Amino acid sequence: MKQITLVMHCPDQKGIIAGVTNFIHNSKGNILYIDQYVDRENKTFFMRVEVALGESNFYSLEKIQQDFKQNVGRHFDLNCSFYDSEKPPKMAVFVSKYDHCLYDILSQQLSGELSVEIPFILSNHQTLEHIANRFNIPFYHIPITQKTKVNAEQMQLKLLQKHEVDFIVLARYMQIISPQLIEHYPNKIINIHHSFLPAFPGAKPYHSAFDRGVKIIGATSHYITEELDAGPIIEQDISRVTHLHQIQDFLKIGRDLERVVLVRALKMHTDRKVMVYNNKTIVFV
Amino acid sequence: MKQITLVMHCPDQKGIIAGVTNFIHNSKGNILYIDQYVDRENKTFFMRVEVALGESNFYSLEKIQQDFKQNVGRHFDLNCSFYDSEKPPKMAVFVSKYDHCLYDILSQQLSGELSVEIPFILSNHQTLEHIANRFNIPFYHIPITQKTKVNAEQMQLKLLQKHEVDFIVLARYMQIISPQLIEHYPNKIINIHHSFLPAFPGAKPYHSAFDRGVKIIGATSHYITEELDAGPIIEQDISRVTHLHQIQDFLKIGRDLERVVLVRALKMHTDRKVMVYNNKTIVFV
Amino acid sequence: MKQITLVMHCPDQKGIIAGVTNFIHNSKGNILYIDQYVDRENKTFFMRVEVALGESNFYSLEKIQQDFKQNVGRHFDLNCSFYDSEKPPKMAVFVSKYDHCLYDILSQQLSGELSVEIPFILSNHQTLEHIANRFNIPFYHIPITQKTKVNAEQMQLKLLQKHEVDFIVLARYMQIISPQLIEHYPNKIINIHHSFLPAFPGAKPYHSAFDRGVKIIGATSHYITEELDAGPIIEQDISRVTHLHQIQDFLKIGRDLERVVLVRALKMHTDRKVMVYNNKTIVFV
Amino acid sequence: MKQITLVMHCPDQKGIIAGVTNFIHNSKGNILYIDQYVDRENKTFFMRVEVALGESNFYSLEKIQQDFKQNVGRHFDLNCSFYDSEKPPKMAVFVSKYDHCLYDILSQQLSGELSVEIPFILSNHQTLEHIANRFNIPFYHIPITQKTKVNAEQMQLKLLQKHEVDFIVLARYMQIISPQLIEHYPNKIINIHHSFLPAFPGAKPYHSAFDRGVKIIGATSHYITEELDAGPIIEQDISRVTHLHQIQDFLKIGRDLERVVLVRALKMHTDRKVMVYNNKTIVFV
């Protein structure tokens, strides 16, 4: 038995749920779970459906997808994505020199908590190559200078395309991604920013937080857009700090926040529970 | 038996604790509680001591204070404040049209959780006068326009001085306080800002937070300084929000955060547990 | 224009949403907001609908209610409650000697955050009568001893019925309610327990928490059932504590938790956002 | 330059801090950090001091320790432990079949966040042997049945002693440790319990939490004592849940809590920041 996930949105209108569920029923599908949300202000309907398909092999994912589009899809002006729930998405990991998020991603993947395939780890430094080796994952070292940036990104793009990567995680990758690369992966590049956005965007946020004397620090995982640290937020979390915490403590507490928030966001994304709309996210439970 | 609280700071050096505790002992005082903190980077020592004085009435608060200064005070270059623990400080309440923080302050004072005397409530609108009446607290209505601002603040200052106000709370007072007034009450004007500072300073922070699509909103209580929303932070707290929350929900959740965070900051302040240093606060437990 | 809220549940089946929304449409109602939840394990459907009724006065709340039952109600075996959104429910407040929750309830009601009518405050002590007076609310003093308990509860019941009370809040009312009284108000008596249930049920939970050396304390608001502190939980919240906090601090932090958690639960209840099922609650956002 | 950490407690009395700091000064030590706490109710003094020793090699850790005991130690009846800050403690890892905590421990150790040496991983199952292999750590499989329990623990003890293990972490080790083994490692066996203790001790806490309908779930790390799940709590944390979360979600959210809370507790322990007293912990920041 095959399981698929449908994620869709369309202008809000009468009869969508009935239309979709009837279609699934007629396709011998069995609905396991439905989440839906209506943005009444923008009159938009969002739905995520988990379906178990029957044994009959003539109903391939492609066939259903095609049928769906010609029927309910066209009728409701539905924008729908179909995912094979048993086929984990391919995630490229971009890192720089920090290892805590990388370790967390790799061990969560190994323990089965994070359902992804990792075709490669890419870095502008060789610092973390030993980790890739330990976990038997190909490692590509593509140095970046201001001069070589365009070239380097073209090499990155080739790698991404060759490996048919579905999405990218920037696990404390300290480089800014160019709009050209972002265009190829819209809402498919997930970053972890080490502050409670929109507070302290840019560099050295913990130092800024320490200097400002905040009582709470945070971390934010978001999709990359052209504007720096301004993309749709997927997940945030915080920790309390006091005057007893020195800047070293901020960094330490922060690293723990970053790894947890990033992996949480990756899980939501790989479970197809995140939908992007108007530079915000809808995150189903 | 009289109880006093000493709050002090000085350059860090050997023997301060011994010096102070010996002085208290020799003055027939009994130490009930000591909190201390050393900022090693800035080589500064902070201490808060609760003392029970003996029966002998010739040791008035003034006498001890004078003795202290001439002895340990001078020796360690100590900057020390003495407070009579049984004499609640006088707090003026400035409001505009929102009532939730005002209600919380008044009821927390009545139930004895917040130990202050409230000589008056002041507002640029008459909207909340009925609340002052209900709680039998004098209410002053001083309207403010751009033209009358200087005059209005002079009237405010006269009131504050006449009532010997110790500190001011801006309980959603929507006006900017001028540097001239702040100068009279340095680190003695407590504001509640309805966002997680430094995110969303200025006006309409919930609307900005909603538009930005944050997953967590907050409130911040801080001392007012010349720079808007940039003074030393006393307390912050947050609540999670999701895509299900509309702007009305943000405002509602926010009001609950504001009242709780503000009253918590007021309690810390009135318990003499907050010390300001380098535009940050040290907050003893 | 009149606004009503429908809260319903029934066995999960096809076509419920369409059935209900069509009925509302045909009754000239305009749907403002729909929340729904399907408990797939127990195959039960829950829905909450806010409806704006048209001007036509022949559609009274009673008429619609009757029509609904004979149509969709009967068809889907729907259990539905209808509420007039403009008519705040009548809430009796039971207290003992603690005032912090009472103050919070009264000031939140005054500021319009908590939409209830309070016909009376009832206590087994006279301690808080002065607060009732200050807020101009009738106060009934019904002392309770083990001997007089049955009588006292009969007097309480008479008062509740005379005032047509819709639900009761136990705002730190330190008495156990008998099953006889609970029977009259099933899932309509809201309590605040001063611990993170099911940890520390019964008396003196903060002392137990302090002795146990927990790092987090909590408060729990729940509906009263026959079994002590075991009814459906509406809301919980927590605060961190450390070894620096003494038992007095636990009590103080706890009081702040209690008042906030209780009022939050009351708001959810009065907004008709809480549904009870299998000794648990479904709480719509 | 060598760095050492002193952790001490004694009856509270005058002059302790001066006594200790003078001793360190006379031993050519340089104090880097002092944390202290006085339990006034129990009249007990606790202190943790980080010291940098000078170059002079005739001041070995042993020599200082001996000197200390004969001087300030004897004078103040001080119970003091000395730790070489550069020598990470040896931690044995006991696991059963769950891997999430194990992965987190190993990757946090590799990334340098958790400063321990891991001489071996021990399990009553072979399930996780592959992880030990991947991380090049010896793995011992000692099956346990009710009959073989005494024998098995003797084998465990031999291993622990042979490897000179300093403390043990039970990373979801599903066996109860006998008092005989605990005696050898008092306050040196750290467990993670998958609930917010004292709520839901024993087996299947998430299922109990789900059935009880709580709105917040938690995890607790504590030292093992004879009484099950009743030892001194080091760290706790919580996550909010709603009616939308199924039991599978509880388990998933819980696993994330467990790994984070356990590693946080291990860090505090290895940084020598935890002191046990009266079945509670003092945890320095």
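The letters A, B, C and D name the chains in turn, as written, and every chain counts its residues from 1.
What we mean here is this: a residue touches a chain if its C-beta (ideal position, glycine included) is under 8 Å from a C-beta of that chain, and two chains touch if they have at least 3 such contacts.
In this text the structure is predicted, and so the values were computed from the model without any measurement.
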Worksheet item: subunit B and subunit A are one sequence twice: same or different residues at the contact, by the over-half rule?
Response: same
Item to complete: Could you work out which chain's C-alpha centre is the most distant one from the centre of subunit A?
Response: B
Worksheet entry | Averaged-CA centre spacing for the pair subunit D and subunit B, given as whole angstrom | 39
Worksheet item: Roughly how many whole angstrom separate the Cα centroids of subunit A and subunit B?
Response: 43
Response to the item:
Distance between the CA centroids of subunit A and subunit D (whole Å) is 35
Discussion item. For subunit D, give me the residues that contact two or more of the other chains.
Written reply: 242, 244
Fill in: subunit C residues within the subunit B interface of the complex
99-100, 103-104, 106-108, 110-111, 113, 131, 134-135, 242, 244-245, 249, 252, 255-256, 260, 264, 285
Discussion item. Which residues of subunit A touch subunit B once you look at their complex with the stated criterion?
Written reply: 37, 41, 196-200, 212-216, 218, 232-238, 242-244, 246, 278-283
Discussion item. Per the contact definition, I'd like the list of subunit A residues that touch subunit C in the complex.
Written reply: 14-15, 17-18, 21, 33-34, 38, 40, 240
